[in-house]
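As structure tokens, the structure follows; a few thoughts come after it.
Every chain is named by a letter (A, B, C, D, E, F, G and H) in the order it is written, and numbering of its residues begins at 1.
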Amino acid sequence: MGKPYVRLDKDNAAVLLVDHQTGLLSLVRDIDPDKFKTNVLAVAAAAKYFNLPTILTTSFENGPNGPLVPELKEMFPDAPFIARPGQINAWDNEEFVKAVKATGKKQLIIAGVVTEVCVAFPALAALEEDFEVFVITDASGTFNPLTRDAAWDRMSSAGAQLMTWFGMACELHRDWRNDVEGLGALFSNHIPDYRNLMNSYSFFNTEDKSV
Amino acid sequence: MGKPYVRLDKDNAAVLLVDHQTGLLSLVRDIDPDKFKTNVLAVAAAAKYFNLPTILTTSFENGPNGPLVPELKEMFPDAPFIARPGQINAWDNEEFVKAVKATGKKQLIIAGVVTEVCVAFPALAALEEDFEVFVITDASGTFNPLTRDAAWDRMSSAGAQLMTWFGMACELHRDWRNDVEGLGALFSNHIPDYRNLMNSYSFFNTEDKSV
Amino acid sequence: MGKPYVRLDKDNAAVLLVDHQTGLLSLVRDIDPDKFKTNVLAVAAAAKYFNLPTILTTSFENGPNGPLVPELKEMFPDAPFIARPGQINAWDNEEFVKAVKATGKKQLIIAGVVTEVCVAFPALAALEEDFEVFVITDASGTFNPLTRDAAWDRMSSAGAQLMTWFGMACELHRDWRNDVEGLGALFSNHIPDYRNLMNSYSFFNTEDKSV
Amino acid sequence: MGKPYVRLDKDNAAVLLVDHQTGLLSLVRDIDPDKFKTNVLAVAAAAKYFNLPTILTTSFENGPNGPLVPELKEMFPDAPFIARPGQINAWDNEEFVKAVKATGKKQLIIAGVVTEVCVAFPALAALEEDFEVFVITDASGTFNPLTRDAAWDRMSSAGAQLMTWFGMACELHRDWRNDVEGLGALFSNHIPDYRNLMNSYSFFNTEDKSV
Amino acid sequence: MGKPYVRLDKDNAAVLLVDHQTGLLSLVRDIDPDKFKTNVLAVAAAAKYFNLPTILTTSFENGPNGPLVPELKEMFPDAPFIARPGQINAWDNEEFVKAVKATGKKQLIIAGVVTEVCVAFPALAALEEDFEVFVITDASGTFNPLTRDAAWDRMSSAGAQLMTWFGMACELHRDWRNDVEGLGALFSNHIPDYRNLMNSYSFFNTEDKSV
Amino acid sequence: MGKPYVRLDKDNAAVLLVDHQTGLLSLVRDIDPDKFKTNVLAVAAAAKYFNLPTILTTSFENGPNGPLVPELKEMFPDAPFIARPGQINAWDNEEFVKAVKATGKKQLIIAGVVTEVCVAFPALAALEEDFEVFVITDASGTFNPLTRDAAWDRMSSAGAQLMTWFGMACELHRDWRNDVEGLGALFSNHIPDYRNLMNSYSFFNTEDKSV
Amino acid sequence: MGKPYVRLDKDNAAVLLVDHQTGLLSLVRDIDPDKFKTNVLAVAAAAKYFNLPTILTTSFENGPNGPLVPELKEMFPDAPFIARPGQINAWDNEEFVKAVKATGKKQLIIAGVVTEVCVAFPALAALEEDFEVFVITDASGTFNPLTRDAAWDRMSSAGAQLMTWFGMACELHRDWRNDVEGLGALFSNHIPDYRNLMNSYSFFNTEDKSV
Amino acid sequence: MGKPYVRLDKDNAAVLLVDHQTGLLSLVRDIDPDKFKTNVLAVAAAAKYFNLPTILTTSFENGPNGPLVPELKEMFPDAPFIARPGQINAWDNEEFVKAVKATGKKQLIIAGVVTEVCVAFPALAALEEDFEVFVITDASGTFNPLTRDAAWDRMSSAGAQLMTWFGMACELHRDWRNDVEGLGALFSNHIPDYRNLMNSYSFFNTEDKSV
């Protein structure tokens, strides 16, 4: 009756990491580089933790855009990695779309650089083909906040859901009891404030036990 | 004919305070802590003032998330208090949903920490079940404005109405004549600028009378 | 076929100035006070310039909210002025609605303090009754940008059009040739940068003529 | 089935540059002037690079608004240039609309000064006539961010797509292989960070070759 | 030999609270009102906690400036309270200076509204008479950050030390062991983040004990 | 003994208004134009109110810099007005220095556009000749805050005192009893928040009297 | 003759890390937590890299302040670690001062939480004893920028030099040739932008080699 | 008698451009890249315009830092260009110091990347040797504003004068009459707002003439 809650489902979601390349990252100025690096690694770690099929793609690695961030390559040694020969919209690359469809998932989690192009273009194309699209906004970066706002508006108007890596992880996990340690580690490694909470907590508990 | 005005009604509204826990509060960085504390206490005070059924819930009080803010516990000693054993989305907890439905209200006023998870997830789930959802944005906090903006967009697109505690109080009260003193006290206690106006006003009036 | 352009029409528009009171103005912190004062006087001057029926209303002038800004009273000595005895939403006041309907206009231009209450409530109520609602965002103020953003989202989702006094004046005027002097004076008096342009321009022209 | 991806197509798009005049530019304060100048020249360079029919228009060049930015005039010596005698909304000028329709394109890329008037008014009018409208947000400027946000909301609600010049260029180009040099030059000339990447890259390559 | 450390000493310090009046507070826009209220009450609570002689003064309570904030009056019922008949610089009021000198202290801790006048003027005058002056910057407010920066520069150049209430309390207290409970309460009541830390801590300790 | 308080004295101060020209004002982007216009008129009004000798000067009125703001010309019809033929530093103009010295004052209050040139250069030159220099920071504007900060640092390091027009007026006036009406009018006309306080106050007083 | 350049010397410098405790870190809001964590680890890594004697100290680890950040403990297993029993100013703790003096160094590099207390107090005390003090500003955090600015002003006025960890590392290293790999690794691990530069560079070089 | 005005003198000044390299520029985040590029080219153009001896230097061009910005190399084909083999502080490079001293100038104008290292280190070293140092703050960039503020404080405390390229050009030029065209072109090419003023001005003058 009401508006359906289109909810991330770890059995039905794939992750697309688009153009997180060392050169392109120098263009990102709407998020501080320390935080952005953390966020990109966090969305990747979450993809890995939930065993989501993950697809990597790059644009012109051999040119100024530079290579894919090495950490991502190392985290997903067996993932499909499509080095696009020229298509700006990854969805214009047949191999990429084939890899996406090969996952058999209907939910696409997308992050990339830069937001209004490398993220927005495949997001809009995927929506047209009836995928459910979730944009990881804080692992997607661009020139400045004005540019970001315009890109978000375009994607949201077309039906994409704007998420963050933390919301993504929580929505996929559903229940802490599925694995307290694992989710805790994911948070501790990528949210300094949460790490502090955990360190304080375990310190006090250890202290008390030692009495 | 026009667009119906979905308006808060004190006879048809319940308040859900989700995960305002002492540890989680250290994660909130999109609102200054002094103002955020004031806002959380204000939405609680408004709930109490309008005698709205109020439900408290927490996630993992015994872990790093920490206990519910003590002031909230003290303000609602008899309210349903659901310490969820693990569900991240409060709406996944049967006891919580039962408590919500037991109120018999169709309007849900939600505030919590963090916005994109503890607020957005139950908000989206409640919308699916045809509740009217009002998010108290300024008593809901999260990591940073970018995260907040994404969460607001997701909830608004799904049909939630974005409110603030002040708008909520005004829409519930309808007419100052229902209780000038009471509403005035609510404002004076939680809006320093309004307190100053009231103090100046009463000072001048007292002065004049004393002549 | 396309989306109709709902456009301000000076023969079909009325202006509602809601609760611009000297006490309430001290609550406005999302716009700098110098600019806000200019904007409020500008929307009033535009209303006057275009001879739009204008309605003034206040809430509790004899209390801390304080009196209507004197300049507004002076500019509209003959306008309906509804000092509401208690209704927070001006639209809940029969006299106010009667005055609005007496104008016979279907387009309502609304500005007020504070945005999420004194502007949003009557805006939502008027939309329900099929009025076309134009919110003058920069002559409406509130506690902070977060509060404003939530209020804008609520009004925009309900179909209100977000405008500024400058956009309003331009859309009403349609063509400079209708009165160059008049519109120029409106801009010169309320936009310092435009005044500078005009002063430079007329200086150069006068200079040249004096040769 | 899904939401159609309304995508810029270089064979079906025209560019409207509205009122980038030397006087009006002093009103633009939502974007830094160095960046704004770059963006305006970039959208013009992109229009030229993709051979899009381009229409220039101004309002009152002989008054305080000042002349069209000379660089634009020089870049499009043969483009239709409509110096409007008074219409504020360019779409109210018959000659302008005739020029637009003469292009035979259904996609309109619009940028101008100021956003909420010179851009929004023709954008809304064109949407009414079933054009697909793409607003180049970063080559459109206005008084301040609040004004911009309101204008964006109005245009987006009416169906305009918010873009940036970089997104526009990428969506029109589709594939780097269509012309690597040309697109690279466009970026190098208007994105300092990208120019740096290219300079580093070619330096290293030249260096290596010189070994 | 080195630069002497001019350090607050609770046996040699007095507190001057200048013009924290309900009307003047509406002028303060360089600090958010929620935080500013907290800071003003915090410096007062610190003064009380350390038993520092405290002097209150106001300017024109019976005019628009309004009365002293009632909480301050209540906290210091027996403190010298100088309602200045007209002197803008409190140091121009003989009674005020007499009260200051009667304390016998050489260190003056000053906070007030507005910073560049009510704080800076007596600070500069006191420095001339060889007092050591400590400005509590976060309990002093003014029109905007630009104004504050100019005032800080003037006072700092003249030799005043810029402090905050937290630094003041810590420097006066010297050692937690002097009174853990008291200082903890001062922090808990005026620093929400610290209160959260204390609540988490005591919850865990109580929990453990209850096992 | 202590550091002397170099205090503005209305019998020993002159005001220099440097290059507030209609063209140059479009360069000012470190202060919002509405507030900047208010501040410039405020320092002029204060100069007039305290009968301080005032000197106006401009640079190249007949070129792009444009004429002196007309309001200033009208306020000081008989003041020395030095239209410099080319000297960028007003102090390099003999006529200007002669006019300054003819006032017989040792305290110079300077405001102008742009801060790091038109203000800083004569300020540094005057300090060299042993004048006491007070920079009215909020009636001096420039390209951006970074530029302003550098200019302030240079002037402050050289011994100039950074003031604001409000601090200047208060320091010159010394005691409200010298003229309550006059100073109140100065504030009411240039500080919207203060005007509101005065309007509320007089409204309540009138109301009470009318009972 | 000129002003002596007081320059960090790796043979004469010691590092003091003061109160980087898991609880206190939740108070730091003038620097984003991701960046702050990076900076703190960077200053520690630099201390280790240059083999500078390093002293750790904490305040009340067993209370709400929480334990020292575990990473720091692990990096300096053999460093003096002074858990102060109550002294707020570390310099008031004899053991701490003894440890400092035992290093035999005259240059003290200090970082800590919170800036205006845990950093400023020992910095001012050390200056009094003729140490040369270098504050690592970006590895020191506090409640908000206003607080930080006041603390910086106090320390700078007393003669402390404000540095950052990057400036510290560069000034200590003097010449890349001393160890290109080592310094590069330090930068790569703590400056995402620099890591990107290095990754692009080595990718291109490897590529070329592989040809 | 008073404080001497240490004023830039075109016959006694040299310009040092330090490490404006394409890789290092990606680290600059305290100034927007469009503006920063403009500023760097502006200080170079000013150096050229005033025929100031200019020295270029780089650090590790063949590594990740990348080559000197090509535009600078082209502007100064005959200037001393010192590619430092490893010294981080350019002043530690004998060849560089020799080149500086060979100019015979006592005033050094310095700009570079990054501010706290490449600018601050040689600035402090030059001050020690009694040079007069002028830092061009807006053509010097670094990681973030916090870093910049610390670097400025260190340099200013040591006696460097903080300037901007515009202030530098104005102080060197002294009098427009020395060359109106030249200075105007310098401004028009690097200050978009000034270019607009000039374009409006010449347009009006040409228009009038054509009558």
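The rule is simple: contacts are C-beta pairs under 8 Å (C-beta built on N, C-alpha and C of every residue); 3 or more make two chains touch, one makes a residue touch a chain.
All values reported here derive from a predicted model rather than from experimental measurement.
Student: Average the CA atoms of each chain to get its centre, and name the chain whose centre is farthest from that of chain G.
Tutor: C
Student: Chain D and chain C are one sequence twice: same or different residues at the contact, by the over-half rule?
Tutor: Shared-number fraction below one half, so different.
Student: More C-beta contacts across B-E or across F-H?
Tutor: Looking at B-E and F-H side by side, F-H shows more C-beta contacts.
Student: As a quick test, compute the distance in whole Å between the mean CA positions of chain A and chain E.
Tutor: Centre-to-centre distance between chain A and chain E: 48 Å.
Student: Quick one: report the Å distance separating chain C from chain E, using the average Cα coordinate of each chain.
Tutor: Taking the average C-alpha coordinate of chain C and of chain E, the gap between them is 41 Å.
Student: Could you pull out the residues of chain F that touch at least 2 other chains?
Tutor: 23, 26, 29, 32-33, 66, 191, 193, 196-197, 200-201
Student: Considering the complex alone, what residue numbers of chain E touch chain F?
Tutor: 23, 26-27, 29, 59-60, 63-66, 85-89, 92, 114, 116-117, 120-121, 124-125, 127-131, 143, 146-147, 149-151, 153-154, 157-159
Student: Can you name the residues of chain F that touch chain C in the complex?
Tutor: It is residues 22-23, 25-26, 32-38, 61-62, 66-67, 69-70, 191-193, 196-197, 199-200, 203, 207 of chain F that touch chain C.
Student: If we count contacts the way the header does, which residues on chain G are in touch with chain D in the complex?
Tutor: The contact residues of chain G facing chain D are 200-201, 204-205, 208.
Student: Could you please specify the touching residues of chain E with respect to chain G in the complex?
Tutor: Per the stated touch rule, the residues are 1-5, 7, 31, 137-138, 152, 156, 161-164, 166-167, 170-171, 173-178, 180, 184, 191, 193-194, 196-198, 200-201.
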